[in-house]
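Shared between the two complexes below is chain A, which pairs with chain B and chain C, respectively.
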Partner chain A sequence: MSTGIIIAIFGAAICAALAGIGSAYGVQCAGQAAAGVCAEKPDLFGKLLVLQALPGTQGIYGFLVAVLIMVQTGVISGAPVDLTIQQGLAYLFAGLPIGIVGWWSGIYQGKTAAASILMTGKDPDASAKGITMTALVETYAILALLVSILLLFGIKI
Partner chain B sequence: MTGTNNLFAVGRIKALESNIIDINLWHRLFDMNEKEALRILQENHYGGDSGDQQELETMIDNELASVHQLIKEVSPQPILTNLFLLPVDGYNLKLLLKEKVQEVNVHSFLHEGGSISIDQMIDSLNADRFDFFPEPIERALLDLATQKDSRIISYTIDQAIYSQIFNILAQKKNHNHLLIEYFKSKIDFTNIITVLRGNALHWEAIRVKPMLLKGGEISLKIMESVVGAEKDKLIRKLSTGRYSLTIRKVLDEFYNDMKMISLEQSFNNALLSIVFEEKNDIFGLGPIINYLLQKEHEAQVLRVMFTGKRAGIELSISELGIV
Partner chain C sequence: MIIPMKKARLIILKEDRSKVLLALQRIGEFMVISPNENDKTSLAQENSGEKAQMSEAMLRFLNQFCKKPSILDPRPEVNYQVFSKENDKGQHVEDELLSLSNQLNQNKNRISFLENQNANLEPWHSMDIKLENIHETKNVDIVLGYFPENISDEFSHIIKEYEMTYKLFDIGNDGQSVLLLKYKDDKISWLSSLKSIGFVEVSLSKLSGTPDEIISSNKDEIKRIIEDNNKIMDKISGLNQYRNDLALLNEQVLAQQERNNIQYIETIETICLYGWVCSDKVEKVESAVSNVTKNFDLAFLDPKKGEIPPTVTRNNRFLAQFETITDMFSLPKQGTIDPAPVAGIWYWIIYGMMMGDVGYGAIMAVLFYLFKKIKKPKGDMAKLVNVLYYSSFTTIFFGFLFGSYFGETWHPLLFAPLDNPIGFLVLTLIIGVLHIFSGMGIQIAQQIKNGHILDAFFDQVSWMVLIVGLGFLFLPSLKTIGQWMAIGGAVVILLTAGRDRPNLIGKITGGLLGLYDISSYMSDILSYSRILALSLATGVIGMVMNLLARMVSGSIIGFVFAILIYILGHTFNLAMSMLSAFVHDSRLQYIEFFNKFYEGGGLKFKPLAFHTKYIDISDMEKDH
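So, the complex of A and B:
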């Protein structure tokens, strides 16, 4: 295995790991708030579940980019391509946007989701507003995902 | 405070906030006679769902006991939230000490929900073993061993409760600016009410001074200097510190209508507004403390409202501190 492919694998791992950490924190944050509200108003479970799930998307985006890197570099098929160091670094840097933005936006979206869950707990009719406000944080994760994908498809091997 | 376990507690509290009596219900209760108002409270599940017709005091006691129990259950920092339950302990202690002096049974007036269990409190007082209490309260109880003056009992216990509160706040140096601000302001506002009450009753300084609580932002020297003072001097001297504008506004209003109940409610609202500013800090204690104080304020307003209804006294909704 060349140094280039090891760097590319590191790029896949880092984007899945960072975005996953952000999502895990965000979902946990929202989950605690949802559990508190559900303890008093169990009938709100459905509305709260949507809000709790929203910060989980960053982890999926990170996973998606990691899989794309693995497909392009042949790691997933068990026949890794012989990459140069420059090509390996290109894959690493292509994975960074969704890794870093997914990490932070997952955390911030979790906090927004928690606040929206609390708002829904007080006024169940406000859940749609809460979903909209929480979804806005997602915009930046989607932009980062787009940049990562465009960069990936721009790499020539 | 960054702990996310706070979120579970805040989640439960926020879900329950919709049970706080809102302005529309206050207006309805205000316009009804006592019997109808009690029925409406019961329909809104105030004081629990016993199903039986209850007295207002029983409903309030049940409601506050369940709120205090909830705070104890969910608080991520019970040491700090228990500070808000210490005044309940103070109230119970004062009653039990007065019971000893006056030889009357006060057990039915004791309030559940303090940080110290009532049974333990009674056992300790009966056995004259005070080491069970926190140090400032133990010291106060030892000082009051032979005291028969209920006024001295009252302010000695109040001072001990605040000493205990500030002892705990001094030990927990982080994240307590809200609590320090709240309790310091509470002492200031209580002292101002004491001075104004003393002035209204033409009490001499020697009688008022020992009743002033230590630990507020406004020094005792300033407080003592306005005992018996005229309006202008009193307002000028007391309008100091962080809440100088609030104090000036409340005192101006007081000298316009001279109603002690409005003064107390205005200061109470000022205290609530301190906590209200942090009620949406979902990672802090603000929402939990705000809920507790809102429920205590609600109980206080209900007591005044129903007393007014029974006595046939016309009270305005603003006089009751409903905003």
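So, the complex of A and C:
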């Protein structure tokens, strides 16, 4: 294995790991709020679950980019391409947007989701508004995902 | 479209109150307006609230012991005749369940009492004396009690000092049990010195029989009670078959409660009800009332200035389902344009683009079709299910265009998103421009309707020309035209955006600030790139699941694992993609589309109606 491929693997690892951390924190934060509301109003479970699942997407985006890097570099098929150090670095940097933004936006989206969950607890009809507010945070994770993907497709090997 | 409202004034005789209200509740087209604080009355009784709680509590009680109807069972149905009749059977079941639940409670209390008594008697079980015989005699005091185990030295010291006789029994929770005998002599003094080291006196003389006898008879009684409990449980399970009668009773009491809570103005002989009615349902309300009574006065008035009627929208069957998306944001106000038809079509298309997979679309279609058939959802839930059901078809359609089948790419009709992300990006941006333009188009229509034709031209058309011009700049053949369109649009905005300002400097800064809105239009349009991101996410995760499944599928065990990964992975991906598509599609409507024209802020139409939770009423004609 060349140094280049190792750097690319580091890129894949970091975007799955950081975005995963963000989502895990976000879902945990929303989950705590949802459990509290659920104790009082168990019939809201469905609505709360939707809100709790929202911060989970960053982890999926990170995973997605990680797999795309693995596919492009041949890691997943067991025949890694010999990358130069420059190419490896390119993959690493392409993974950074979703890794970093996924991490932070996951955390902040989780907090927004928790607040929306509490709002839903007080007024179950407001859950759609809460979902929209929570989804606004995700916009930036989606943009970062898009940048990561477009960068990935721009790398020539 | 939004249906205009009429304000109905209904005057009826007091004796007809209940049947008229029932008739109105059945058609569900009359939203009662509460009269002013000082001249209202209602029949609200605490009683009906309690009744509703009781039947609900008995249903819950039944659920504790019996199998609940499964989620796949169809909802029970009754017809209106049955619904409006007295439900003796349900009442009977409720009474019986109530008495059974009381018996269960009594038995529970009795068991805990007996167990407690046994625990107290346990240390004394080797005392072979009938408890009723333990009392002081002419010359001797007898005392039963406990002392803490760790003070036996002090205890024997006091025993010796006062020359008492004693017998120790077992050690219980309260300490060492002991029977003390002493010639009558200064009981207070020896007892208090015993108490000072921790002795506790007990009195068991109220019980009869030896401790052993009492314990065993208590045990027998507990056994009998448990048997009795089993019989009660059997009776409860036997009543489970009448669950629907009880549920029906619950619905009836709730409907009754809703009628009783209605507020009206009354005179000695008549009552007067005000309510909102859709202008196209006026005859329906009139015939419903005239069917049950001849003596009534019903007038339909136009809403006065300052009165805000509730909003009812009616669209064709397909578009009506998408009203739920608008309603979740905010209902349109009376007198504005109902955005549901336009938003609905866009929602439908964009959802399909975000999912974009033939396999997932097919699964969605089957799932939601079955859900509709089996559960027969009602109201907003039904609309939501229909939205997803209809969207499954656009999902399939775009799946064919993108050649995506459960994440596998196979002969795309247009292009595969993974092979041509830039092409897809451009497509999503074009969709975004069209979506935003259709919103601006509605605003133009509104402004023209209100006579502000110039506003429509300055604020909407100029931007549309500018944006199209900017788009043309990317096409070599249209570059020059695009250039002039962009400049023309920008000049109009620059000159007119500040037209409301009072002085020249204000007008110039207003124009410049107006042109600065270009950033918000650009960010709105770029926001549609999420369609690409979500579509790629759905496709690539599906692809990864296939890849993972293929990687392990070498041997037979591997093959089983592969199928497991395949099913679980795609289920997960489908669920998450549906959630994301639902949320982000809604967001595109709410933020990017609605802010171009939509105000919202309408009130919900909440007619007097049957809001059944467990049971459907079969012969009801309802269309919103």
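Note that in this section the second predicted complex is superposed on the first by the 157 of 157 C-alpha atoms of A that agree within 3 Å, B and C clash if a C-alpha of one lies under 4 Å from a C-alpha of the other, contacts with A are read in each partner's own complex, and residues count from 1 in each chain.
Throughout what follows, a residue touches a chain if its C-beta (ideal position, glycine included) is under 8 Å from a C-beta of that chain, and two chains touch if they have at least 3 such contacts.
Owing to the predicted nature of the structure, the values given are computational and were not obtained by experimental measurement.
In this superposed model built on chain A, chain B and chain C occupy separate space and fit side by side. After overlaying the two complexes on the shared chain, residue contacts for A:Lys41 are found with chain B alone; chain C is out of touch.
In the overlay built on the shared chain, the residue A:Tyr61 is in contact with chain C alone; chain B does not reach it. For chain A, the partner that touches more of its residues is C, with chain B and chain C as the two candidates.
Look at A:Val81: by the touch rule set out above, it reaches neither chain B nor chain C. Once the two complexes are laid over each other on the shared chain, residue contacts for A:Leu136 go to chain C alone; chain B is not touched. Of the two partner chains, neither chain B nor chain C is touched by A:Ile6. Using the contact criterion defined above for the overlaid structures, shared-chain residue A:Ala24 touches neither chain B nor chain C, since it reaches no partner.
Chain B and chain C, viewed from the C-alpha centre of chain A in the overlaid structures, lie at an angle of 50 degrees when rounded to the nearest 10. The gap separating chain B from chain C at its narrowest, counted between C-alpha atoms of the superposed chains, is 7 angstrom. Listing the residues of chain C that touch chain A in their complex gives 328-329, 421-422, 425, 526-527, 529-530, 532-534, 536-537, 540-541, 544, 547, 576, 579-580, 583-584, 586-587, 590-591.
Taken together, the chain A residues at the contact with chain C in this complex read 50, 53-54, 56-57, 60-61, 63-64, 67-68, 71, 76, 128-129, 131-132, 135-136, 138-139, 142-143, 145-146, 149-150, 153. Residues 4-5, 7-18, 74, 280, 282, 287 of chain B touch chain A in their complex.
Note for the complex: chain A touches chain B at residues 28-29, 32-41, 44, 111, 114-115, 117-119, 121-123.
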